[in-house]
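Sharing a structure here in structure tokens format.
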Amino acid sequence: MKKLINDPADVVSEALLGIAAAHPDLGVDHQNKIVYRADAPVRGKVGLISGGGSGHEPLHGGFVGPGMLDAACAGEVFTSPVPDQVVAATRLADGGAGVLHIVKNYTGDVMNFEMAAELVTADTGVEVASVVVDDDVAVQDSLYTAGRRGVGTTVLLEKITGAAADEGRDLAAVADVARRVNAAGRSMGMALTSCTVPAAGQPTFDLPEGEMEIGIGIHGEPGRRRVPLAPAREVAEMLVEPVLSDLDFTGGDGALVFLNGMGGTPMLELYLMYNEVAKILQKAGVTVVRSLVGPYITSLEMAGCSVTVLKLDDELLRLWDAPVSTPGLRWGR
Amino acid sequence: MKKLINDPADVVSEALLGIAAAHPDLGVDHQNKIVYRADAPVRGKVGLISGGGSGHEPLHGGFVGPGMLDAACAGEVFTSPVPDQVVAATRLADGGAGVLHIVKNYTGDVMNFEMAAELVTADTGVEVASVVVDDDVAVQDSLYTAGRRGVGTTVLLEKITGAAADEGRDLAAVADVARRVNAAGRSMGMALTSCTVPAAGQPTFDLPEGEMEIGIGIHGEPGRRRVPLAPAREVAEMLVEPVLSDLDFTGGDGALVFLNGMGGTPMLELYLMYNEVAKILQKAGVTVVRSLVGPYITSLEMAGCSVTVLKLDDELLRLWDAPVSTPGLRWGR
Amino acid sequence: MSAVPTEGAVDVAALRRWIDAFAGDVAEHQEELTRLDSAIGDADHGSNLARGMKAVLAALDSERPATAGALLKRTGMTLVSTVGGASGPLYGTFFLRMGTAAGEVESLDTAALGAALRAGVGGIVARGKSELGDKTMYDALAPAVDAYDAAGDEVGAALRAASDAADRGRDATIPLQARKGRASYLGERSVGHQDPGATSAALLLGAAARTLG
Amino acid sequence: MSAVPTEGAVDVAALRRWIDAFAGDVAEHQEELTRLDSAIGDADHGSNLARGMKAVLAALDSERPATAGALLKRTGMTLVSTVGGASGPLYGTFFLRMGTAAGEVESLDTAALGAALRAGVGGIVARGKSELGDKTMYDALAPAVDAYDAAGDEVGAALRAASDAADRGRDATIPLQARKGRASYLGERSVGHQDPGATSAALLLGAAARTLG
């Protein structure tokens, strides 16, 4: 294992020290492993929190700031945070208008956030709503799965919902925007390499030269199928086709296209992939009105990418364009 | 070789298609492989151009936009652009106030930019000034080297000099700011892995488990020495010590600290490393007033990082804080 | 309300020995659990449980709960607060419910221990909505409590039966296609791999048979 | 001003055969050149030169220059415009200066060819400020032009002497510590490796000996 770390057990807490040092606009509760807006809670604004295992940076801590999240809980690498963290983050984020929990659909995340919401409601009276992101078309929502995973759409949802909260909407309305984003977003990912969980010390799976995994999530797990390595244009087809067959673009809505890097794939390749994706979407008659290219929801140092397509209406577009100021996404201020 | 590409020969031109598709604010001259501000030239403003081999993204194309570069030339992977490209970029960027060439100190870059400047001056009458960035303390400037390499400081210089040009200064004054930044910045880098040049098809060098390279540049070349893998805190010492012993901080100036990822190292590790670097600087009595953490000047998918320390005075700080709007760095608008 | 110790009953000290033994087994098998989780999950089950059980030992050392209920609930709360992931809430709920069922007593007889175990497993089902054959820890735990109840009055024999059944349940996860948790994302590719949670659950019952019998 | 063809002289067609042969040698040795550049550089010398020589062949095919000067200058300009890196300006300048020295003639005799080669090498020194022993292409080219001049009037013999000297100069780069170009960043670690540019320069002289002699 080759990593820039000290003791594998300290990776998350030491990275949080670095986040605190690098971003004076953010506060870090090192005890509870929470990154929060230094000016939290914002009076009268619905608080937005999220969290999950670490190893997906900049998600979620890098999306804390004006226009996006109020606080984020960092679990151990690829391990959902514990309820205590979520409770503490909820308290930090509550400005009197309630708190929205943005939860990626993984058994662990869902259960830990659920327990936290039970505790918050019982102990503090803070109003909590939850939205579960499940946008990964690699996984069918059926009796045979834990439902679709929450992947790329999470980033877009945190941004757009953050803008809705900034407009002063109430908790139900903010949660509604979040659910609309989730309903309008679909993703599909692939890996060229595995990644190494620091505590495990070796790659999660073995992926020989000449092969790749299609339909991966963001936890370094193997994907739905292993296929021979293919040129970028074919990889793009494998990702975009299932996304588009699951989203109805006949209404003439525009799309936000998000080409995400899994952590170990450089921008040169991501832009090249984005070109392939854009060509396929154009052929399919999808009008791309906004795009995002880069490593925003990652799987440690895994090489690979995912494609997220979000159907935009005028409101979602306006909320996407609204100012945001976080380490990971920043514009308009 | 596992990469998201089609034909290795087309990597750069296809990535430029992706940049054009993803960034409507940027123009791309595909013939000359130039990324430019769609609104270039800006009348009356000194034009800023840079360029170099590809594979360092977001450098340089990702730093084109208001407040930073006017145009950037993309060479083949790790290969300096040719004079024709530089000439074309100079023309695109000239708003009547002359053009500054920002050149990283590599034999190839220097010679190609030099030939371009000769051609521009002979053919067009556009006034050109050049600044050569040479901030890498791994390489001593001596009879036995081609001088120090240009690495991390390039990013900071492009940002700060861009702000100076935005203020309407003339070419000599803008070039002077650039030279001051170069004089005040020092960098040192390391690698955990090699990277693979697409056209070469295999890793540039072999770096076994348990070893790392100290004193690398940004072209996937081996470093100054190979040493056993060490914990992050020791790696930080190996990078910061030579930087600080080359910069005089007795005047009480603040520092901008830039912890750069080489492409394959995830943010989790970069923040952890930043924490180590910040601790060492604090112990050394250096006041960090600004920081930048992330992959901004990369070496394809190489795992590793570099540390750049820039001594700031009030003016450089103000110019760093000025608004910038590029794919790679954006704030204030 | 403190219980009168019964012959052959499981007292607080024995329960503590169980927790100690489970913590030891988890530490010993940490790499194996993570390796199993690498094949069909995200390579953290071993480190998750090891971290949690280390915290449990520390909590029990500092608090020294005096009743079965207090000891089991402290174990559960510590797991909930330190493990995370899927197994944190699940094992946490197991011990919390088991502790609630056990009550503030100094020892448990065979029937009370069986009822407490069954309550704990019920907590896992309530949290995880797992069904038999989903390829989860429940596939080891469900047959274990059934075997315990079927084995009669002698606590040692009952726990050995439970442990054997848990081992068989664990082995029986190998051919299954997962329908819960991360492994379900793999679809048919989950077939042929032993479930990590069922493996740690079998360790839990094995430790019980060694220490409570 | 068109020259009278001399017996044993090198005409435009022969120069074109030289360029063709060099392009072929570069294509054939592309991987080797890149491998050498991997050890002490950035793994692109082979693809750089291969790309450039492919473009040169295309340019010469479409333009069919009628004089030695035009052919060599077109070669140089194409290399400058397509190679990039250090070798682009260096080889580009070599051919540009060689073409200027050759002039608008249809053939070169032994002395004129030697003078043109020397002018080309002078261009490399002017651009790259290289000195003997810096571990660059100059270490193959400098002894080559000296050997050419020392070899007498017969162009074939002169080129064979030059080619042999270039090969020796190339081999002599192995023990050197680089003082120019990327390899210099490696310090002592550059010792023991053959310089990629000296290797391609030896190919250039080898192709000349085969085609112009």
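Note that the chains take the letters A, B, C and D in the order they are written out, and that residue 1 is the start of every chain.
Here is the rule we go by: contacts are C-beta pairs under 8 Å (C-beta built on N, C-alpha and C of every residue); 3 or more make two chains touch, one makes a residue touch a chain.
Please read these numbers as outputs of a predicted model, since none were measured by experiment.
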Practice prompt. Based on which chains touch which, give the shortest step count from subunit B to subunit C.
Written response: 2
Discussion item. Measuring centre to centre with CA averages, how many angstrom lie between subunit A and subunit C?
Written reply: 32
Response to the item:
Note: subunit D sits from subunit C at a C-alpha centroid distance in Å of 75
Response to the item:
subunit A and subunit B have mean C-alpha positions lying a whole-number Å distance apart equal to 29
Worksheet item: Counting only residues that touch at least 2 other chains, which ones in subunit A make the list?
Response: 77
Worksheet item: Considering subunit D alone, which of its residues make contact with at least two other chains?
Response: none
Discussion item. Taking the touch definition from the header, please name the shape of the chain graph: line, ring, star, complete or other.
Written reply: line
Response to the item:
One finds touching chains in the pairs A-B, A-C, B-D
Worksheet, complete the sentence: Per the touch rule above, subunit C residues touching subunit A in the complex are 34, 38-44, 46-48, 51, 80-90, 127-128, 177, 179-182, 184-187, 189
Worksheet, complete the sentence: The residues of subunit B that touch subunit D in their complex are 9, 53, 75-84, 106-108, 111-112, 114-115, 138-139, 143-146, 149, 197, 199-200, 204-205, 217, 219-222, 224-225
Response to the item:
In the complex, the residues of subunit B that touch subunit A are 1-7, 11-12, 14-19, 21-22, 54-55, 57-58, 62, 77, 192-193, 209, 212, 229, 231-233, 235, 259, 263-276, 278, 288, 291, 293, 295, 298, 300-301, 303-305, 325, 330-333
